[in-house]
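Got some structures for you, see below.
Two complexes are shown next, each including subunit A; its partner changes from subunit B in the first to subunit C in the second.
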Partner chain A sequence: MRGDDKKDKSAGYQRVVLKNASPYHYMKVCLVLEDESTKLSAVELKQFIITGLKTLYGEVGAALNFDLLKYDEDTRTAFLRVCSRGLVKLWSSLTLLGFYQNQACAFRVLQVSPFLLALTGNSRELQLD
Partner chain B sequence: MSVFMDLNLSYTTDKNRLQSVIETAAHLGFSTVAINYGFEPTAKKKQEIPTPKPINELIDQLPIVQGRSRPIRVLNRLTVVMSDSSHFRPNAAEYRSFDLLAVQPTTEKLFHSACMLLDIDIICISVTEKLPFFFKRAPVNGAVDRGVVFELCYSAAIRDSTMRRYTIANALSLMESCKGKNVILSSAAEKALELRGPYDITNLGLLFGLSDAEAKEAISSTCRSVLLHAETRKTASGIIYTTKTCSDSTCQQEAPARSELCEAPAAKRPHLAE
Partner chain C sequence: MSVDLDQTPRSILVWERSSFLDEKNRINSEVEQLHFNYKVSVLLPECSSTPPHLESVLTSFSRFYLVRNLPLHKLLDKEFLETAVYQGSVYGLSYRTRIDEDNCVALMPNGRLVLSLDKDSFQVLGFEGKPSTFGNRTKNRFVVTIDLTDSSMAPGGRGYLRLLTGLTSRLSLQMDFLLSHHPGGGASLQPLLSHCDWSEHTPEISTQSLTHLSCPEPQSCDPHSFLEWLGAVHTDVSSLSENSSSNFLSSLVCPEPKTTLSQALRVSICGLLLPQDVHHLVQELRCYLERSRLECWTSLTVHGFVDSPVSWGDREHGVLRGGENFYTLLMFHDHTYHIHLATGAHDTCPP
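Up next is the complex of A and B:
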């Protein structure tokens, strides 16, 4: 855009605004538990995340809209969708969750992206041979 | 961009646990960690300053940092909890074996002297109690000028919801006076599950009143300047880093090496574009 006015002054400015208004953000998270054998269903996971939101942000935080798109019970890996304005809230409540039913746990946020397609691969795990 | 560091991993005598904490830190992407030895002198009896265990005794093979194909760097650090001005002995020979030196002042007077006078690298902000004093602008600015940094630990916030309140409250009142400059965020983790990834911490920094950029600096470039500050403390005046830049085809032998001079405090060092 900046280069244009040098070449052709008569063309004038054309202002292009990219608002980057992606409505949702997608997160790939993995729940690590102290006791690996604990089973956790999708409903329980979502309930657990809502509890975390509620302890950190109260009822208003618990009202945050987010969806559990996909969940793998064996690896406890989940895909979450959250509206972009709620990303910081959801992420920080995931960070500060430390206990699941009196056992230590941690959410490992593996990937965050405004595009769901980006979560299909992870550039950090690429093996360049 | 600077690499991520976590300058506070609590030392435990349990070797396996310490190993798993270091391994987790490497897996999460921290390139440098520091093992913290706490030291709390009391008035009644004289206590020994702990001596750091050599790193190769603690862990046999340093784990590879994720995404950097390089082993993690492990440092030693001493934190002195000060409740009296005599607790910190300047020039003590025991302090020299540590890479980093931190104090945790408990009164306003000690906080002032820690900011303005003591030859230290890090001032720990207590996160487990309501702040016993108010951060005044003058000592905080003095510390920023000298290159001393303030440290906030987040693992207490994970353990307990009351501590979480205190952590956030103390963090916000610190940010009011230092405006996000010279702050580092570290874990003080005792267990591997209390560690969080660098980007999680950046996001958490937003809760503590830091901006996006400041939060990222708090775990990367500010930590680097702490390490450089620690090195200047050991030497007489300063340190110089030189890196040879191989220029094009004619690799000049006497090319002016890029140097980073830091006679001034870490905060005032001229930043050269690399």
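Up next is the complex of A and C:
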């Protein structure tokens, strides 16, 4: 859906309203492991998520393109990018990933947005104490 | 029954191009109407250290106050209304309350008090309100908007007494509250602060310098790609500098056509930030562009509070998956600008 609103007031003025036009969605997720000391590299994390997609949606799911934009090994927090049509698939497989190498784990989805910029300014992170 | 897994909640991006020299430009109203700003980030390409003028503008951002366990009826205190609400503009927002699950309150600079309440609280309060626009058929959330400057809300008036009784005897809401006042600052808020446990806070400034940054052509780049690139710069995505789409981890690359910036400066400031200060910063950035060389540009991103009951002006705001309400202003040397205003699913179209 893409609608071009209005209105040339003057030669230089232009306004365009884009509705649901974002090609990608961005997720900020954190992997919580039973054993906090387990180390997990970015490549291992991506492979782990692909396994989850394959378990839930089969080969078609495993072929879903998503990007691991940024990963912090210490907090196991990652920024993911996925095409908007694949968001529900990716999210549901993250939810159902319950075990990493025989230890219980869970993905906490911290923030989801069609704009990567929104992930840089989340007022819920404001700490004043 | 099959469910469409491809659908995502609504999002809106408004892209506008105009010039500061155009008398009809709407930039001032767009900046001033977003009342509750959480973070401002500035990107200065080809700049290695914060220009002194800019630094002084950033350090002059108004301080704000955190009041702990504020009983809401204190906002109706006669002395507070006279020194703060009737004179100048108060910015107040409940802190650490989530609009998708808790009661949230905002006190707007035009003297309106907005309460976003769950159904139980709304019924107990017994004050006129309307169901939230985003509740669909469930009607589990209600919005009560009260104009404190209205004659019926003057201390002693009928509406005033009704609300005061509601907030003292029926629904004694207490919450942490962020407050700021323009132009009076802390002095105007004294009548309220003197009865409460409060702390003063200065907006937090952070600066990072970046080197060898791939950068798209800002004049011609499509809005979504530009915002993605800017987001990648602000989140420190490393694959942007590697710029290889065949990487296993990420295929994110800088949009074409691109150039490489030898250096750039990223400055951000966080807290309860007033639109007046943001406006001042925009003016200073324009001066900075005038002083700098041709073809220079700069961007300014302002994030609104996720859990504010309003976004631009009086427009109702909520959280579905994310409560994003932000704008990015891209300013050029020739006084033209591009502004991108973005909102999520529980929000109306930006102005």
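FYI, the second predicted complex is superposed on the first by the 107 of 129 C-alpha atoms of A that agree within 3 Å, B and C clash if a C-alpha of one lies under 4 Å from a C-alpha of the other, contacts with A are read in each partner's own complex, and residues count from 1 in each chain.
Here, contacts are C-beta pairs under 8 Å (C-beta built on N, C-alpha and C of every residue); 3 or more make two chains touch, one makes a residue touch a chain.
Given the structure is predicted, the values throughout are model-derived calculations rather than measurements.
In the superposed pair of complexes, A:48 makes contact with neither subunit B nor subunit C. Touch criterion not met for A:100: it reaches neither subunit B nor subunit C.
Applying the stated contact rule after C-alpha superposition, one finds that A:117 touches subunit C and leaves subunit B untouched.
By the touch criterion defined above, A:14 lies against subunit C but remains apart from subunit B after alignment on the C-alpha atoms of chain A. Between subunit B and subunit C, more residues of subunit A are touched by C.
In the superposed model, A:32 lies in contact with subunit B only, and not with subunit C. Once the two complexes are laid over each other on the shared chain, residue contacts for A:68 go to subunit C alone; subunit B is not touched. In the superposed pair of complexes, A:88 makes contact with subunit B and with subunit C alike.
Residues 88, 112, 124 of subunit A lie in contact with subunit B in one complex and with subunit C in the other.
Against subunit B, in their complex, subunit A makes its touches with residues 32, 34, 55-56, 88, 91-92, 94-98, 104-106, 108-109, 112, 124.
In the complex of the two chains, the subunit B residues touching subunit A come out as 28, 66-67, 157-159, 161, 164, 191, 193-197, 199-201, 203-204, 206-207.
By the touch rule above, subunit A contacts subunit C in their complex via residues 5, 9-10, 12-26, 42-43, 46, 65, 67-71, 79, 81, 84-85, 87-89, 111-124, 126, 128. Contact residues of subunit C toward subunit A in the complex are 5-8, 10-19, 22, 24-25, 38-39, 41, 66, 95, 98, 199, 201, 223-224, 227-228, 230-232, 234-239, 248-252, 270-271, 301, 303-307, 321-322, 324, 326, 328, 336, 342, 344, 349.
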